[in-house]
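Same chain, two partners: chain A is paired with chain B first, then with chain C.
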Partner chain A sequence: MTITTPTGVGISNASALWLPAMAQEPLKTALQNCNYLMQWHRPPLVSHCYTADDALTRTSIYIVPIIPSADSLRYNFEHRFVCSAGSQSVTVTVDETASYTGGSTTWANIYSQAVTSDATGGNLTTHTKTLQAIASTSEALRITYTAPASGSRNDHHVLTYPAPAATVAGLMASGATPFDDGLLAHADKGAVHTEWLNRCKATSSAVLRDRKQIALSFVQDETNQTYQHNSLGSDYYPLPIARVWLPNQGPVCTLDLRVLASVDAGGYSDLIRVRQAGGVPGAASTTFDALGGVESSTLALIMQGDGLMRYADIEIGVARLGANKTRLKAVSGYYTPGQ
Partner chain B sequence: MRAIHPKNYRSVDMTSPLTGEATPPAAAALLLAADEWCVGAAVSPYAGCGHVFDGLTASGLARRYLAAVIAPGAVHARAALSRTWEQTTAVGHSATEHELWSSDSGSTANELINVPGKQAGVGYTPQPTFQYGASDIVLSGDGINDSPTASQDRQLELQTLAAPYVEPLYVGDVSAFSLFVSDQVLDLETL
Partner chain C sequence: MRYGFAPVYWLQIAGVPFIPIERETGLALPTGYTSEDACLVIDDSAAVGVESVNRDDGTAVSLALSFKLLDTATVRDWLRRPSKSMSLTADLNATDTAATVDDSTGWNNGDAAFLGMERIAIGTVASATSLTGLTRAEVDTLAHAHDVGTTSQIITDRPRFWRGRDVILWATPLDPSGVAVGIAGASLTDDAVQVWRGRIDAGPRRVRDGFAFEASSVDRALDRQLAATITGRVVDTSAKVAVSTGYTINAQVRGDNATGGAVWQYGLPLQPFAGDSDGDLLTHAQIRDRVATAWSSAVSDASAGGDVGSFTWHLSGGVYQARVGMVANASVYGFLVLLIFDGSEVVSTASKHPGGWGAGGTVELDWKTTGNPLAIGGAFAQPYKWMVTATIDNGDASGITAPGKFRVTIDGAKRVVRFQVVATNNAEAYLGWLQPADGSKSLPTREQLTGADIEILLGDSGTFPTMMLRCLMSSGTGQRGAYDTLQRGQGYGLDDDLIDVDSFTSASAPIGTLQGELSSGDNSFSSLFGGALGLFRKGIVARPDHTGAIKLHLVNTAPFGSGHTVTIGDVDLLSNDSDPVESVSKADSPTTVAVLRPHGGGSDESDRIVFNDNAQVDAVGASEVEYSIPAVDRVALWQVASQAATSHLAADQTAQAVSVRVPPWVAAYPGDVVWVDSTHPSFYTWSTAPASPGYTGAARVVGRVIELKTAVVTLTLIQDSSVTVEALSPAALVDNFDHATAPAWIDVPLQYLEHMQTALSEAGANVWLSHYQPGEIETATQLHEVSAAADVGSKCRLTIASTSGGHTLVLAKRSTLTLPTTNGGKLSTWQAQFAHVDDGSTWG
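The block that comes next holds the complex of A and B.
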């Protein structure tokens, strides 16, 4: 019995599906695509462009709320930054926590690595770290970049996407089940049973729903925010509107939102608002406390456009109370197919 | 010839089995449905993430490098670019056009994609800002020209593969950005 995982999605000819032969195919290809999805369905978990000061000469720390896979998968990380001087050493560290509580948070290290920036100052440095496991219980990642010895650093983007290990037998926590070809490929040709057919849907659906897709992102430094919202009235002041694309989905889709914000003192209730923008009738909004921990809620989106161009415009707003600063540190919005 | 059949996961039951019968008739439709679930999941484009960030208030922030993971079967992509401004005298970093490129679309002069920027109107100059301003969103061009002889506003080329891959990107002078797959392979059998 062999679990075969194709490196590309297997496509059976249309004719083979409509006029199937009394043979292993095309069912075998469909079932092997279950294995393919388990290893190769790779929607990003993190895709955040940093909002930070220009020309940083200090260490930066970013906290990114996440909803990782229930299967505690391995992920690949790609970090993009620019150093003004060539060949600078920047140490990139990624930690995870199951409960973010500010300075008292207990962090578990995922990896730490010294990276030499591009030999030419001002050029992009891309640092890739592959196959790093993120626990299913993690609530947030901490990403740290140290200061270069010479010149400055501009932080651009972090990308994290699944890179699971080879598929193994058994039911995963996500509900996905791989296929081994033992019975189907046996010389005596076992009978086709309905579980094989149902497994195609069950595993596809489980993988789709387990690997949340980042759909909205914002992050700035944990303690040195560029924007602290310290000169506002009590109304919500909007950040730039972003367009979120959910191809072919709707008419209503719901994002899972995670927000991290704090206040220096005083009231903290409902100081962060996320809403659908664009004057869409019936558009929803949701608010979050700036309590210093990761807050959770959902936002229903009335999708606009058609086909691949299905979208919703989203606005993040920040309010403050009195003279107390409101520090918005991160927003992560996740799309789950079917939700 | 096998076309992509887009699946709207909001309109289907994600949890019930394909069939509840122990011995269903050997219908091709059942086999097709089973196959379509796996193939559909593989080639459905991932969510086009709306990235909010300050790429406007200093010249050092204007160039933004990022990357996207592209699902199998994609051919072209377009982008949504947000601009945020106040109508005062310009002192920040402003541009008459937004540059855009991806690794596969190309980054040499003729391959650059130029999306028209926010233009000064009568009586005001748009000053880029990140908060407290007004925002609008412009889409990159819908024209397809994979061999341009001059920079223009057009769709980005993507790799049409049977597995997902990472597409490096660059965009200039925006306050939010998202990428979406605008064109998929016509015949899956060519993947």
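The block that comes next holds the complex of A and C.
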């Protein structure tokens, strides 16, 4: 009666699959791989490069829409920024919310920590915080960097990825099912049944689909962003096109999109557009309101290229109505295997 | 037959309203049939049924039915030349209830009529050229589309063709006194069983006392080649765009003074394709010209010629840029042009001239193109890769859908190309966004394509069972069932009444999940799916479903399995004529398995994945079997093929085949697992030590034929030898229970009903099940004793006699029931035929 989490994926030798006797193996190895996958499949939930002013001397706040694991997993955080002066104290704070409503949002603190920047001004500072739980109900993270006492700060990147503990007994909310060998390894010689075989696939699929992987990202300061356009009409001004690589996926992949945008005044409908670029026949487009909350939709991508070089080009466009500014704060696009 | 009963055989021939029967019964006839005629002779026919399933391609080797209709008055009447005839003068689709004909003289309201294979009833002869109130598909025929210019445009009062008509052979029991069983009003079908189902291949052929017919089994039709191609010739390789006459570019043009105020402004609606037809295919140059012309017209219409000049395209570095002329006006300092394309995409240009436009000039607009000028930001996007325009001389160009593939013949070699967009206009098709689909790295050159013969390959994609169903049912009419979705020629047009759809849709991995993509043209069902069927040990056979109706089933042919349907013992063996059990030579086992992944257009080029059993090759030489499987993804195919090929190479070496003669009530059909418990020496048990004559164990039925005269059934069985492969033990998720700690009943999915009832009946006593919760700590000591299993609607309800182990069922934790352990003292003999750890069997 043991739930064993292997230290690596157990790949059965080809000889083990050559008319093997009906025994614990090779099934046991395959089932224990489920336990491995549950602990070690760690695709990034957040991998956003900040779009921000150069040489910041103020506190910056970034809101990142997320689709966290249904299992309320622990995550590791890595923040990267550069201070112009050495050994500056920058307080890094990460909060979460189940419903972003702008200034009235109720935030729950995940952690807050004073970080001393690299001793040499201008060098990259990497701050890592491990094993911080994100609730399954969270829809956005708030990341705050305080101003350094001297000099300025350039915000570069934030990375968040799952860091679950070793697999233990109990069904997961995601549908992932651990494997305990109490029946398969029983001295009385247990039945080798279909659920075990199915569990290999079902658990793999549940883990892969639950831990969504960031594929498209854009974020800028919650209230001090600089990407504001004047325009002649309601046309969309595109951001530079981004290429999303999804090796061996397709022919159609669907991204789950989360968009946060607002307007200073006036109409807000359909002011953000995300679409597949490149003139691909049948390419899809989806629009979002700039209502100040996290908006959800999906975008089906017709994958181009072959094999490992499968890709899709994506364009984010921003429109404004009249003189009212539209403020695009963040976009997160998540890839789910098989979707 | 048992107790002195004997069968009387009779036929249903689609469209023919009398029942040919061996002797008249006086019983009520099936709907649509008006009389029975004692004219049927089947005694000369060889045995019918499935002789075997070809395990290399999954096709059934089914035997033909020969029958004769004696020269009776009824038969003469139905075989005579038609006395009334007329012709369609307009196409009749499969759902039309009115027809236009050349001359209906002599025809009356209510007449029956034949068009091709279909029989219809004429409601009203409305005029000399009009029929209305048609009732389609009468007397077991199917509704077809009947086109002018084909043989089915001719309407007659008797069938013109017998070849192609569906036939069902029935057997109805006669009691020992020769009387058909049944009380007053009983129907001929009440106690009848379907013996055989097929289609007339040949006949009527005159023989001395009647007319002879040959009919082949329904599953033999799957070798028939499909004719799903549209052919033509490539006439052009210029990029073209299908245009819409309503396409509009709204140009807002404004001249500003020095302070930004408007000196003049105009709205210029451009409709560049107003003079074309919807769907016309224009080259990029033609589109540029039309835009320039439309600009001139709009300027003229708006009387703006005094301010706004002409529209031209300026070519520089391979890029065309739009340019607008400015009429000299010293008051104009700024020039603003806003182009709104089809109401959505916008291109704006603002140009300032600090010195004013006193001398006139031109303004470069922010509208640049290297291809289709209207492909603005992805909208109105058209292919910008290679493209071809083809004239279609055979087939309907409008039937071409994207994405798809075409095949061109270049210098004798065939190349297959995938296209992602298509536009058609009358008999012209424009195929664009091209990619090689035959494994080549590059497309044919423009020079090679121009003038080449082209075949549009109509195809399909999806999981293999789904594609099989579409291939079987599709008729182009949408009338055969839910899977009749492909074009005419892409399928066999079989009615869903002839197909056990559940056996296809319930197929599990790998054949049920692997994604495929195929081209139907020049292929048959067998060539399209035979590889997948063979590799994954499946077959398509005509066999009875649970109602007794013979239908095409997707069945297992693996030489192993558990959960048998019937038991065959010594008492069932028929030894009156010859030895009831004979060893059968089976095909050589392969030492090499090659899996081909054809590239779209057929077998011209393929990926080839080879699995070798080198030790066997060294010993007996290479014996290769090839499976062609049109999978979408090579990696996905490799993953499943490697496991299947391994199983072939390892397990097939030792499988043994026997033929067994049994009476007709042994309900074992191809695909079934039977339990053999026989001492006959032609059976042999290889797995015991020492090995011994006789056999007790499971066997797979791969053939069943019946001698019509004697009703002797010969089964072909594949059974274990030195290798025993068993089915995995079932694991039934608990759906519900009475929420007691020691429950009195537990519900599991209905699919387990047969298993549980068989387990109980075979044990002749209560059986035990082991409980566990997936993901929790699993033990072998939590047990439930089952005393009964019953269908309670949508569930299988297990009556629980006792519970041990101190556990509680929890639905939220997915409580599951499986078989007990081998050594725990609770496993029944029948349950032991399912896989257990160290039970001496192997993984298959």
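To be clear about the criterion, the second predicted complex is superposed on the first by the 328 of 339 C-alpha atoms of A that agree within 3 Å, B and C clash if a C-alpha of one lies under 4 Å from a C-alpha of the other, contacts with A are read in each partner's own complex, and residues count from 1 in each chain.
Everything that follows uses one rule, which is that a residue touches a chain if its C-beta (ideal position, glycine included) is under 8 Å from a C-beta of that chain, and two chains touch if they have at least 3 such contacts.
Everything numeric here is computed off the predicted structure, so don't read it as measured data.
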item	value
Contacts of A:197 with chain B and chain C, given as first, second, both or neither	both
Partner touching more residues of chain A, whether chain B or chain C	B
First, second, both or neither for A:248, with chain B first and chain C second	both
Chain B versus chain C as contact partner of A:171, first or second or both or neither	second
Which of chain B and chain C A:205 touches, first, second, both or neither	first
Which of chain B and chain C A:86 touches, first, second, both or neither	neither
Partner chain in contact with A:47 - chain B first, chain C second, else both or neither	first
Chain B versus chain C as contact partner of A:292, first or second or both or neither	neither
First, second, both or neither for A:151, with chain B first and chain C second	neither
First (chain B), second (chain C), both or neither touched by A:121	neither
Shared chain A contacts, counted only where both chain B and chain C touch the same residue	17-20, 26, 192, 194, 196-197, 201, 238, 248, 251
For the chain A and chain C complex, residues of the former touching the latter	1, 3, 17-24, 26, 169-172, 177-184, 186-197, 199, 201, 232-233, 235, 238, 248, 251, 275-283, 285, 315
For the chain A and chain B complex, residues of the former touching the latter	7-9, 11-14, 17-20, 26-27, 29-30, 33-34, 36-37, 40-44, 47-52, 54-55, 78, 80, 82, 124, 126, 154, 156-157, 159, 161, 192, 194, 196-198, 200-205, 207-209, 213-218, 226-227, 229, 237-253, 307-309, 311, 313-314, 316, 318, 331, 333, 335, 337-339
Complex contact set, residues of chain B against chain A	1-2, 6-10, 12, 14-15, 17-19, 21-24, 26, 28, 30-35, 37-55, 58-61, 64-69, 71-72, 80, 82-84, 130-133, 135, 137, 161-164, 166, 168, 175-184, 188-189, 191
Chain A-facing residues of chain C, complex	338, 340, 345-346, 348, 375, 377-378, 381-384, 402, 420-421, 432-433, 509, 632-633, 635, 643, 646-647, 650-651, 723, 726, 728-731, 733, 770, 772, 774-780, 813-814, 816, 818-824, 834-843
